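One chain, chain A, appears in both complexes that follow, with chain B as partner in the first and chain C in the second.
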Partner chain A sequence: MEQKDLNLLDAVLGFQSYGNKANPWPLCGRFVLVEDCVDTSAAFVLHHILKRCFSSHSSSAVLFLAFSHPFSHYDRILRKLGCNLAAQRDNGRFYFLDMLMFQCPDEGKPNHDGLASVFEKIEKVVKALRQDKKFFSIMIDDISFLEVAANGSSNDVLDLLHYCHMLTSEYGCAFIVLGHKDIYLNGERPALILEMEYLADILVKAEPLATGLAKDVHGQLMVLDKDMQREQGISAIKIHNFHFKIKENGVECFYPGTKV
Partner chain B sequence: MRSSGKMAESISRSLRDGALEGELAPILTIKDSLASPFASHVFSHILLQLSSNVMAQKSQSRGIVIVALSRSPSSYAALLKMKGVDAASSNKLFHILDCYTDPLGWKDKIGKSGNVMDHSRQISLATSAYKTVKDMDKLFLAITELGRGLVGENKARFCVAIDSLSELLRHTSLQSVASLLSNLRSHDQISSIFGLLHSDLHEERAAAVLEYMSTMVASVDPFHHSADGQRGYFENSLSEQNFTKGKFNVRFKRRNGRVRLTCEEFKIEHEGISFASVSSVDGTAIAGLLPKVQFNLQLSEKEQIERAKVVLPFEHQGNGRPIQIYDGRRSLEENNSEASPIPSGKTEKSAMGEIIYFRDSDDEMPDSDEDPDDDLDI
Partner chain C sequence: MLCLYAEMATTRARVSSFSRNLSTVTPQNPGLKHGPNGTMFMSSGIPDLDKILGGGFSLGSLVMVVEDVEAPHHMLLLRNFMSQGLVHRQPLLYASAASRDPKGFLGTLPSPGSSKEDKSREVSNEKDLRIAWQYKKYFGEPQLNANTNNDGQHDYCNDFDLRKPLDRQFFSGMNVDCVSIHDSPNLAALQDRCAGFLAQVSRNEGSISSAGRIAIQSFCSPQCKYSNMEWHMLSFIKSLKGMVRSSNAVVVVTFPPSLLSPSCSKRLQHMADTLLSVKAIPDEDKELAKLLTGYQDMIGLLSVQKVARLNTQVPVILEATTFSIKLQKRRFLVLECLNQAPVDGSSGNSYGTSSGCSGSTTAGPLDF
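For the complex of A and B:
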């Protein structure tokens, strides 16, 4: 496996020794919540994980639920990162569900069942995938648009998230979600984002640089790893803080003050 | 090994002893917040303690019904296996009501025909699926039915563990969760109930309602309260950090209404969670109570030793010397052996001259800082 361009983010997410027999896919059975805000987008974390998915095992696959951008957008970005999504799609390793126009039926309607139809789509793909792909990931590119599609019902969103969480423990797949923190801050009780933070095994949080704008640093990342009692026992919460700089063909991560 | 503190032990003890004749079954609520999300560790700890008591037949209950809402049944199987509970006995002691895999019946709706793959992973624990989590009356019936299945129809009792009261509150209303708990605790075959609550997900009244019904409330708090009272670990800027510790506050309600509050420390270790009493000697207990101030209110060890050496004026009583209590009027001429700087000044005093001060009256306070010229009228 290519090990040369691993950065701090990879190390923190456990990608430093993946791809071998012992550690085929480090995010197995884990729920990764990526949180960002208006000032600092964390979409690059999704792109990064996506790229890692395809550069690992040949029996890994991704199911991508796109609520905010079309396929061509991701294809263009991933091409810059050295990964051909269209080819992966043709290989059967990348399943792209275009949910841009998706809208739940209103509550009063007879066929109202929350987001059960979305889960049905996911499970159909998952069942097809698990025949020959051992390690797969489910990605949702924007939780807030999912909430819009669910007519603003955060409870429906949480139901769907619960079912996806269930898939991670049942099939050992990874589940990666991007959400926006700041749009929930004004509510009297920002339940959705808090519930997601409880659910998450790994929380990746992107923020603008605390000390103000800088040319060479685009923001700071906090990665919180709750390694709860998966089979190997209980361990503590680990926190990593570092800075990042987004480049055309990747992202550079470094500890504060260590950039040359 | 797991050493448990006194409080964690007494919680386990009172869950073990269960309901007294003519009283409701005790309820334990374990609550935490995002700043210290370790309640599930406490939950597992209590579950394991109770199960070892049940296994040794030391407890009132003969079995445990686990209502799994936020963790998969297989994770419970793994937990029990890791702690050396063998499958044969665990099948007789535990029954999991699985509200995790399909709480709303979505899977059922989709795969009516071929759901063969779902149970491919064998779980060593007895598990029953439950698919209508929004219906609390049905849930009550399901729990009691499973319990009866475990312990039989007679007077034997069982214990109920609910791994997320928060999840229940999300699916239904506060009233229906309260009535579920109230029905459970008055059921004559239930010996004790414990559940987990993420307190910051709900309104304060939700936590209050549940705490009213609980005999014990164990709350898992971060060690240091940050300025705004939340987000314990989010605010640090260290590049790498591990969080393993916190405070374990327990509120114990006695039948006569007495409430006991205690505070312990917990630490997450590889083998599990361990509790230790906060030793008040080293001052950490006091440190936790004091608000954060900019100057140092604590004494270092050396300072404490030195402070202990200082003999206070009234402490001379009883060692043969005349009892002298300084009342602020005359200086204690004889008291010259102990304290260092003042007596050394005193020995030279006779040569240097002295200040003699007569107080005007006894009404005046010894060290009054009143302006003596206050009533001067110029």
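For the complex of A and C:
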């Protein structure tokens, strides 16, 4: 990995020096929560992490639970980022679970087809992957869809998230979730998002520019890293703020006012 | 004169802001157009809206329209959308919660208007009137429209005459399905209808034989018996979105947000690939009338909050997000760029920005 390819987002996610023996996958055992709103989608952060994951160590793999877009959508995007998802899928490094039509059965019926079956699938893949891939990540592309699929039962969704989070500590895999913050802003049942924010090790928030629409700046990112310095015994929270511009072949990140 | 006109149109297209030329209509299917990233566009039935969205609605996308409770402007969008489908002989499905007789909607559809006489007049206008170069860009848009619809019904997008009902010949042998969701206790029946409809136009390899349109009006209005089951409605929209992504169809759903909880309305907005909202404008708003030119002709406002980005991560940033809905000659629906002036502007220097667009602000001091 050459230094010039890295941007601010890589730096704050800890991708400065990865891919070597000492630091094969910086998100190991960490929970990354990505939040966005209607005006600014943060899906590009997932694409970026996916790309970094496949360009790192060859023993890394990703399990992707897609609720909002089909495989062809991600395939096209990642191809422009320089990464062939179809080939990675054939290599066994990319597991794509198409959950677009997933719907839990109504209440009163046995809940075996519901979220329990989702977790069984996840666990099966994770256990199978453990044999040969050391570093893997679980990605969920839209937690609000999962909530809708569970008929609004945020407790069930939280249970699923807890189990997945448990996998991260047990097997050291990364857990990356995209959610929409503005759904919960009016104080209506905010338990899900609050609990996720509490559990998250890294919180990435995408917002539109406060000054309005711009062609050159698509929005601003706030990245909050909770245990950057845990090894030194200090648990300082680091906050990074910067602007971004999304392009087909990557994302450009810069501090406010420093774009050339 | 015609060739002069054509030349002007092309040069204007070239000087307009940077955009890829995507005007390749597929020969076998005049209702579809190739878009970027392997997507296909279908016309919305409003030439200006197509242009704003970069070509139309993408096949496989879910379009949500946020209604205004005070005015039925969403119906304008739905009517033009469905009429365009009939003109292109595409299969249609219309579902309404507002009335028991959804077939009545078909009687209100507008007819494609021939705007040949308009065109010649506009050309002569152009000749007589000398326009300073810096204002020319404001005259470019309507003429480009006229250019797109001189061939009558075989075009990608027609101008629709809102005062002339659609001819019967367009309905003959057409696949138009009308569903009333007024009395149904849940959405299972509608979901089955949509699934059956979308299966007809499902996406398979090779050429696209036909593309379908689904319009659902006033999705969660209180007439429906399920209107208190928000999660039920959300999962319906979610599964509709999942189904339409694998088919050659566009789904337009209008919903009144004031009847939903704020979080439910936000969820619907997140699910939308393309999000539009319509607003009525008050009749006697004198401050607004002073700040905006052509206020008298406006019948409402349309804002584009989200543009579908299928197969790409790059967001579409529009030059303006709010447009005024006007009726040209009381017949044709046009959208014009609205130069927003600060209505509740508290600082004095923001007038500098408004004077450039309205021109009428010099008429007198406005006190707030």
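Criterion: the second predicted complex is superposed on the first by the 244 of 260 C-alpha atoms of A that agree within 3 Å, B and C clash if a C-alpha of one lies under 4 Å from a C-alpha of the other, contacts with A are read in each partner's own complex, and residues count from 1 in each chain.
Convention: contacts are C-beta pairs under 8 Å (C-beta built on N, C-alpha and C of every residue); 3 or more make two chains touch, one makes a residue touch a chain.
Bear in mind the structure is a predicted one, so any value in this text is a computation, not a measurement.
Looking at the shared chain after the overlay, A:139 reaches neither chain B nor chain C. When the two structures are aligned on the shared chain, A:210 is found in touch with chain B, with no touch to chain C.
Looking at the shared chain after the overlay, A:226 reaches chain B, while chain C stays out of its contact range. Of the two partner chains placed by superposition, only chain B is touched by A:170; chain C is not.
In the overlay built on the shared chain, the residue A:42 is in contact with neither chain B nor chain C. Of the two partner chains placed by the overlay, only chain B lies in contact with A:159; chain C stays clear of it. Of the two partner chains, chain B is the only one touched by A:123; chain C is not.
Once both structures are placed on chain A, chain A residues 189 are touched by chain B and, in the other complex, by chain C.
Of all residues in chain C, those touching chain A in their complex are 37-38, 230-232, 234-235, 238-239, 241-243, 245-246, 261-263, 266-267, 269-271, 275, 305-306, 309-315, 317-318, 321.
Across the complex, chain A meets chain C through its residues 38-41, 43-44, 47, 68-70, 72-73, 76-77, 80, 100-101, 103, 144-145, 148-149, 151-152, 180, 182-186, 188-189, 213-215, 218, 246-248. Taken in their complex, chain A has these residues touching chain B: 113-114, 116, 119-120, 123, 127, 130, 155, 158-159, 162-163, 166, 169-170, 189, 191, 194-195, 197-198, 205, 210, 222, 224, 226, 228-229, 231, 233-242, 255-256. Residue ranges of chain B in contact with chain A, taken from their complex: 34, 37, 40-41, 44, 72, 74-75, 78-79, 82, 100-104, 106-107, 109-111, 117-118, 121, 166, 170, 198, 200-203, 233-234, 236-244, 268-273.
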